[in-house]
């Protein structure tokens, strides 16, 4: 895929300043882009780097004076970048080849038009698949589960029974949805599993990374709100409720029955204890552990997580502990001297 | 599935107090249950909530006076809850449909009666599957591995060669058992893998969550004791030995050759360093890291893990560090004043 | 497999001291080896244990005087141990049975001789598989991806499109390579995925554990350098670059665009924030979190990670906080007494 700078400008609706005749076939960072690539900057502090870049052209929000490169002026660089990347994205084969003969389709299954299912797929009794949904090889859709339209389940994704997945949901490879939660009662000397009669409800436009686990509920549903995005290796326990448009980064773990509001961000490796509530728009720092409820629009950090600026202060002070010990010793010496002077006078 | 309150009382062996003619089809929490559901309480502090609940009836250990709801009196609410949930559990299709034609069965494989194996399953040479064991689509059972009776391996579970799995063992989707451990020797400038000639031994009634990894041993076996339950995304390294009836919560990691006694509880995200021993009945708090051996019946917490009450005290004091810095400054000022007074007198 | 001690000595090129006629069929640790096994020690501090061991013979670097066991003297015990373990390794069936009839091979796929592909495998258009590479059941190789010679992809490994895997690379079960990274722009009230046009490049002799995730790059490649070994449940985000011969232990997480030099060691559960650089040969302790760049040949520990000896000091002082609080109180009392004395004199 090779087009001119002018053609890209037209395709992404940018204003072209400079020569649009150069050929490009990729988008790259300022450092890595070569003369076959267009680059982009999201702020004026990147201009010095841009001037040294070998990139053929640049996407910017405001025209840069005297720049020796063609510029594509756009309102929102991040949005234009997504458009440009889509222009050059590898053209993958559309997956609408129907149901592989080795797939095993149960009874009373409803399969809408445009659905594809790869080798070794199992669709159990009563399941429903919406239009144009693609189920890659090795996946399983359990009894009576419903997957909406335009979904993409990559290889070996497993959805257990009685789960409901909305439209435009993507799940990457080797993820598990609807496994039984970790709920036991200790009775007569053994741990007895509490039956998990609930399910999982995943709303529209949710994206789930690779090798994630989302457990089914004991009662009702574990819920992932519309537009929420989940990274890889994330653990979401039974009866967790996640709001809309949250970002859950890699290796996060959320324990049973906790509730996240809308727009919550959990950075990489963060943990949330069970039965916790986190308000709308709150951000939890990397590897932090939330043990107490957090109100809306907070930034918290640490283990246990606390207000971010306070947490940073505590981390700083912890690192100064050797100094504090010295200070204590010094004060003690000075007090001794004062005490000695006092006793001398007696 | 719709039955009367009286029918449920009979099925779970409860004493019915009040009107048993109402119809129910589910069990729910006090907050979520509606008039079609029965609820339960495990202590008198939940009575106020129960009075407001829309639930049709309640399972309790002791009759509540003047309650405007039918009551099912039982000896153990947790045990009765499991019974009741089982009554209303979704009726899933029994999986005994034999061996799918796309499954690949090796030589000298022993398959007992009632065994089911789904599409794409591979059972390698010399493997054995006990009665009524169900191997879902995409699973693999390696050479000479043995799986006992009444086991359930969900989709895409992989068991490598020479592993032994007892009876009534459940493994949820996408879990891996018997992968080679992370043991290398640095020789002539490269890391050379130490062959792992050992295996994995999983005893009866063990349950393993989704996307877990249990590595095979270098020598002997990695062992999971009878009745132990393991949550999702747990890493168990080579030669680890876990006792009976342990609870290992989500995202726990146990490094090589560590040994857990019976009844040990590791909360979510806890870690155990290599070659550590943890005594019977000890509980390790969430995200704690065990670096030193821990005796039996301890509660430990923190990073590194230490006695829980001490750990909580240290966490509290760490959060008070800003105050300690202030105190240090104040003491220093007062000492300065005393020193100045002393010098004035000279 | 049963041979004499003398035969083993010959096979691993060891000098035999003592009687070589005993029969052995395994290698075991000093504690666990019985009379059918040979053991090994890597230092003289293990001699007392060795004397009590039931092992038939021992592999050592230096002849031990008066030992009542045959000794196999070698230059490098670790290297000899690997040789000996290989002699007794279970003999697994070679996997060169060609392409299973249920595998689905796309167009323009290049499959070299000796390649095996199991049931349910999908090889998409334009993919290439090098000589003697074994692709187990349930794997997927995406469009235009290339896998080199002598590779082993265990069951259910997924490699997305446009990834390049070198020679002699092993990937254990249920791992995912080339999933889309976690990169979103918040535009008009929703998180929009940034297309990841890049790929993953895995160099020769890399070994990857079970249930790992390696995301594809936004631009260019996520890179794993030659000879690097990765344990289970590891998360490697988009555009990460890992040098040669690194060791990445279980449950490590490395965030986007971070760069590791050669020979870096990340212990179990360590985390690296995004856009961090770690120099050659640096070691990061278990569960540590690297938030700042680290130079070459450092040992760091803690959360945030800092110089190891300093971190241990800080951990020690944190544990002494209760004592520091006492000291503060005591100093305060002494100051009060001094102040009272001063006031008395007025």
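Letters A, B and C mark the chains in the order given here, with residues in each chain numbered from 1 onward.
Note that in this section a residue touches a chain if its C-beta (ideal position, glycine included) is under 8 Å from a C-beta of that chain, and two chains touch if they have at least 3 such contacts.
In this text, all values refer to a predicted model and were calculated from it rather than measured experimentally.
**Q** For subunit A and subunit B, which third chains touch each of them?
**A** Where subunit A and subunit B share a partner, that partner set is C.
**Q** Since subunit A and subunit C are copies that touch, is their contact same (over half of the numbers shared) or different (under half)?
**A** different
**Q** Averaging over Cα atoms per chain, report the distance between subunit A and subunit C in Å.
**A** Chain centres of subunit A and subunit C, defined by C-alpha means, are spaced 25 Å apart.
**Q** Do you know which subunit B residues sit against two or more other chains?
**A** 102, 119-120, 138, 156, 174, 211, 233, 251, 303, 318, 324, 328, 331, 335, 338
**Q** For a test of understanding, state which residues of subunit A touch subunit B in their complex under the given definition.
**A** Those residues of subunit A that touch subunit B are 102-104, 106, 119-122, 124-125, 138, 140, 142-144, 156, 158, 160-162, 174-176, 179-180, 182, 184-185, 187, 189-195, 197, 211-213, 215, 218-220, 233, 235, 237, 251, 253, 255, 271, 273, 289, 303-304, 306, 310, 313-314, 317-318, 324, 327-328, 331, 334-335, 338, 341.
**Q** State the interface residues of subunit C toward subunit B in the complex, per the touch definition above.
**A** Going by the criterion above, the answer is residues 26-29, 32, 76, 78-79, 81-82, 85-86, 88-90, 92-93, 100, 102, 118-120, 136-138, 154-156, 172-174, 205, 207, 209-211, 227, 229, 231-233, 245, 247, 249-251, 268-269, 286-287, 303, 315, 318-319, 321-322, 324-325, 328, 331-332, 335, 338-339, 342.
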